[in-house]
Every structure is written in structure tokens, then in C-alpha cells.
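Notes follow once the structure below has been shown.
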């Protein structure tokens, strides 16, 4: 009973195994059934979470922008997403003429499936993880590539110029921002000496954000861009390319792109907490695994809230700004950060506090020199060309023409 | 258990399919895709032999892994340069049919 | 390790299966009343002119190219990062050299103006 | 036994989609079949307990190379269209040659007894650590390590040089 109080989910899993073994099944089959049930539960939970996340996001978004958010259906509008879900489930699918059926239908499935797949390797607690894959981080990157493929299939399959143009843009953005993400993720792997997410969490006696704040920042920015949210929401810039790669979708197929989007926003917060904020580490988490889960959720909610604040306050980048930010700032910065961190950490003594101080100093130096360089670049730029728009105010010597007042 | 020969046969079959494509396809991009298939067949072979014969620590298992890494690099370089050439040729000659790309004939 | 991979495989299948089955269910529940105008490609009310799959600029291709090269480096850098705690300073310097050779490619693209959005 | 059935399914999917790559008429479909085939190879890697290369296969081949191929298909789409022959006229000669080569190699594989072995000891968890060490050890792969970065650099510079549109050049 004690075990149930400190680690209810792990207790349930063990109980489930013992029930299966009680049926005298062969061991392989027991493992297989347990895996299927576990995977199904986790995937379903992640999708159900989206229903809640939509409400949270709309409510917080409303508050940030001085609106109320959903407030009609149920208390505080809590039932709103359920109503939306029921509605979207019963809408008609409109498949455009000349669409490539297979690519068109696989697109949304891959886009949302790729986000769910990340959850397979996330450690939610000491005992609570799907799979302790020894190449967890590379798996996350690989799954991101599958999502990119889903978008390109959606854009190409819909037989629409806007959709294809949107898909090209989206893929250019997703590919570009994968580079700084891959490079900055080297740092947690370096410190932990493993690519398994469990080992990375376990290695964080000091959260890695303290050891490598710049890498954490790069990871955060590039994962927002991977998610395609403001300020990086060029993939669905309504004002520029009608809606991007998903113009031709309707009903649930359209909805799934947004399910993927909402879930991805939460997932990057989760990953950030696992990789840089210490995951389930916290006082007392070793003896009471459920506490670790609570810690992780608190950290995740904080990061999720931060992401929402960014989303609802910043305006959208132009496409050239978005690409320049990546290739001319984040990629070089991540390369420099990784190199310097690797060298300095090797030279620093193995004492954890010496490392913290030295690495913080290195990060500070990188940051200050970055500021200095950007200042210089900004100063050395030629002044902005001013365009001679037609003036609204007349010249001094011109006769002032009063607008005719309409007859009363 | 799956014997090694199964993997080798799959690799051989894949290599032959890639070879067939490289010999018969007219489109230059398709030829590149076929070459990718052949390189993949090589990788299947390398990893299968690594797993069956050299995985135990006494036999220096890292050697095969380094080989595979080099094959990956070669494949990436080949695709990058090959597709750039195709795009450039397409821009100049407006064709991607390999037989019509006879710039060197003068 | 085999078990971990098995779980990943099952999870990937299920992660694709659930959205797929949801779309099938929604297709059964929803009405089906296709009409020629409704099924036409959406281009702000104007009829589609010319082929849909028009040409696009090579700029996108160049970004994908640089991405490919940086992606391949993961094969080498991630095993190195795992071994980071077990190797000496020279190995670290080798990896830094590796990174800087690659950064040379980025610098070339920059100077060539290939990173400029036109 | 279930392992063998699973292997046969995966091998069939991989090979059939590879065959579709070389025969299908629309280039875009060929690229999508290529993705499926590459994914099948990744699963084969996973079955060989090389999780690292299984994942790298997805990252490099599906995430990057396949996307690059799809881009190239779209960029050059105009002429390579789906009408007209996609296969050279003397395809049957190539088919005969390939089948003979395949048959010969299969006979060779089946006749040599060393190919009939089962898997050796499972690779240890520490293998990637060893691989990382070996990559930078001067008496092992330090030189291939650096040379491959030079190769990648050369490929990048070369392909950018070729692909960048020259100003004022012919269209």
C-alpha cells in the first residue's frame, strides 16, 4: 500500500504485469500486450490532453490580449473545446479535384503522429517512461523529420499553388531551425555522456540551464520555430499566403494540423524541462516517484506559459528576417557555444562548482561579445533608404487645398 | 533466429533493383534515387556483417560502424552535388533526361 | 535494448493509427455532398491558371543543402559527445576542428550571398 | 518464429517499394516510395540492434536526403512529366543482366557456409561510447573523421557554387 501512495502509476503498471502473468501467458506475449496497452494509453492521453490545452491556450491568450477567452460553454468555458471537437468530428471532408489522395490524406496523420511519437521517450518520472532508448535525442530529431515530410506531402497533395508555396516555406523554416537545435542539443549529451533521456535527467544534479544558458536559449528559440508559432508562424501566414500548406483541408483533417500544433507546444515545454531544467529531479523525488512527476509538470507548465506569452505578444517575422536570424545568428552562435563549452569544460576541474562558475563566465563572455558584434554590425550598416512616398502634407509654397466639405 | 544470409539476400536484391533503375531510368533525378538504393543495400550488408560476425568486443566492433558512417557521408555528398548539377543543367538546357545532357560533346 | 526498440516501433504504429482511425470515423460521421465548385482548388475565388505545380526558386534548395550537410555531421558529433567525458583535450580539439571545417562551408555560403533571401 | 515473419514482412515492404521507385511513372510518387523503402531499411537496422544507425538513417535519409530529392523533383518538374516513357528502350536487356547478377550472387551467398551463421553476441550498451572514442583516437579513425568533414565541406561548396543563380547569367 505504501508503494501505491509514493508511486501510484508504477504500482499500477506492476499490478497490470502481475495480472497478465497470472493468466499463464508466455513471457514474450505478456511483454507485447503490456507494451501495446502502455503505448495506446500514453498516446491517447496525449491526445486527450490537447482538448484541455486548447482551453488553456485560448483562456491565457485572451487574458494576455485583454480579452475574456472562451466563457460561454460550461464554467469558465471549460466545455468549449469538447463542443468544438464534436463539431469538427461531424464536418464534411472536402477533397479538392486533382488531389493526390494518398499524400493528401497521409499529410495530417504524419503531422500529428510525429508529435505524439516524441512522447515515447520522455521520462515522466524515475519509474515512469515509455522507453529508455539509448539514442533518445536523435530519435526526437528523427521524428521531427517525419513531421516535415507530412507537411510537404500535405502541400504537394492538395494540388494548389498556395498550398505548395506554403509547404515550401514551412519546410525551409523547419529544416533551417533544425540545424541550431541539433547543434545545441550536443551540450546536454556531452555533459551527461549519453543520449538516453533518462540518463540526461539523472546527470542533472545541477540543471543544465545553469551550465549552458545560451544553448538552452538556442534550443528554446529553435523549438518554437519548429513548432511554427508566433513569432515564427510564417507557415500559416494568413495575410500572405492565404493559409499555407493547409488551405485545401477541411474538417478533422484540417483540425489535426492544429492538434499537432497545440500538442507540440506542450511537448517542447516538456522536452525543455527534461533536457535543461532537470526533469523530475527535485527534493525527495528519489524516494517518492510521484513527486518527481509533479516537479516535472510544474516546470513544464512554467515553460508552456512562457511560450504562450511569447506567442501572444510578439508580431510575426518577415521571411528574410526569419532565415537571417537562423543562418546568420543562431547557427554560428550555436557552433561557437558548443566549441567553447567543450574546450572549457574539459579544462575546468571536475569539481561541479568550478564548472558552474567557469561555464557561466564563458556564456557571459559569448553573450557580451555577441552584443558587441551586433552593435558594430548595426552601426556599420548603411542608413536605411527612405522611399519617397507621396506626401500627405503639402509643401510650404504650395497652395493649401481645403477638402471640399460635402453640402449639408 | 534469422540467419545472416537472409539479410545478405535482401541487400543483394535491393542492390540489383537500384542497378536496374540506374541503367534504365531516363530521368536524372530517378537515376540518383536508384544510386541511393544501391548505397543503402551496401549499408544493410555492412551492418548485418557487423552484427553477426564482429559485434563482440574482442573483434573491434567500431570498425564497421566507421565504415557505415563514411557511406552515409558519401551518399550525402553525392546527393548534394548530383542534385545541384541536375538543377543547374535544368536551368541551362531545360531538360533532366540524362541522354540529352550532352554538354561535354561540344 | 531490443525491448526498447520494440516499444518504439509499437508506439510509432499506434501514433499513426489513432489519427488515422479518427479521420476514418469523422469521414463516416460527416456529410458527403461533393459539388464541382466546392471541390475546385481554392485560389481566392479566381479560377486556377496554368499548371498547379509551377516552378519554384532554387533558394529553398540551397537551404536544404546546407541543412543536409549539417545533419550528416550528427553521425560523427553525437558519438563524440557521448564519449566526451572519457576522452582527452586533444579529442575535443579534433571535434572543434571538425566543427570549424563545417562552419567554413557556412561562411562560404554567406559570402556567396546564398543565405540572402531574394 | 514471429521474428522471422516480421523480417519477411519488412523485407517485402522494403523491396517492393524499392521496385516501385525504379518503375513508377510519376517522379513524386517515386520519391515517396523511396521514403518508404528507406524507412524499411531503418527498421532492418533496428532489427540488427543498431539503434544508432536506425535513427541516423531516418534523420539523414528521410529527414534530409529524401526532402532534397523531393525539392529537386519539384524544382525540375516542368519537363520530367509523367507523360511519355520513363524507361529506356532496351530495358529488357538491363533486366536480364540484373536478374543474372542477382541469381549469381544468391547462389554464391547460399553456397558459402559462413553466411548461415546466427547472430553473435549482442552489441553492448557501451558501444556508442567506444565508437565516439575511436572516432577521435589518432590510431583509429581520427583521420577519416577529419577527412569526412573536408568531404562534406567540398560537397557543400561545390553544390552551392553550382546551384546559386549567377546574376545576369542565362536563365
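Points to keep in mind about this one:
As written, the chains take the letters A, B, C and D, and residue 1 is the first residue of each chain.
In this text, a residue touches a chain if its C-beta (ideal position, glycine included) is under 8 Å from a C-beta of that chain, and two chains touch if they have at least 3 such contacts.
Keep in mind that what you see is a predicted model, and the values were worked out from it rather than measured.
Between the interfaces C-D and B-D, more contacting C-beta pairs are found at B-D. Of all chains, the one whose Cα centroid sits at the greatest distance from that of chain D is A.
Remark: chain A and chain C have CA centroids separated by 14 Å (rounded to whole angstrom).
Taking each chain's centre as the mean of its C-alpha atoms, chain B lies 5 Å from chain D.
Note on chain placement: the centre of chain B and the centre of chain C lie 21 Å apart, centres being C-alpha means.
In chain C, the residues that reach two or more other chains under the touch definition are 1, 4-5, 8, 53, 56, 58, 60-61, 64-69, 71-72, 74-76, 81-84, 86, 95, 102, 109. Residue positions 133-135, 138-139, 141, 156, 164, 168, 171, 175, 178, 193, 195 of chain A are each in touch with at least two other chains. Chain D has residues 49, 51-52, 56, 59-60, 63-65, 67-68, 71-72, 74-75, 78, 122, 125, 128-131, 135, 148, 152, 155-156, 159-160, 163, 165 in contact with two or more other chains.
Working note: touching chain pairs come out as A-C, A-D, B-C, B-D, C-D. Listing the residues of chain B that touch chain D in their complex gives 1-10, 12-14, 16-21, 23-27, 29-30, 32-34, 36-37, 40, 43-44, 47-48, 50-57, 61-62, 65-66, 68-70, 72-77, 79-81, 83-88, 90-92, 94-97. Partner chain C is touched in their complex by these residues of chain A: 31-32, 35-36, 38-40, 42-44, 47, 88-98, 105, 108-110, 112-114, 116-117, 119-121, 130-135, 137-139, 141, 156, 158-162, 164-165, 168, 171-172, 175-176, 178-179, 182-183, 186, 189-191, 193-195, 242, 247-248, 251-253, 256, 319-320, 323-324, 327-328, 331-332, 335, 338-339, 342-343, 346-347. The touching residues of chain A, when paired with chain D in their complex, are 28, 100, 102-103, 133-135, 138-139, 141-142, 144-146, 148-149, 152-153, 156, 164, 168, 171, 175, 178, 193, 195.
Per the touch definition, chain C reaches chain B in the complex via residues 58, 61, 65, 68-69, 71-72, 75-76.
Interface residues of chain C, counted against chain A in their complex, comprise 1, 3-8, 10-12, 14-16, 18-20, 22-23, 25-27, 29-34, 36, 38-44, 48, 52-54, 56, 60, 63-64, 66-67, 70-71, 74, 77-78, 81-86, 88-89, 92-93, 95-96, 99-100, 102-103, 106, 109-110, 115-117.
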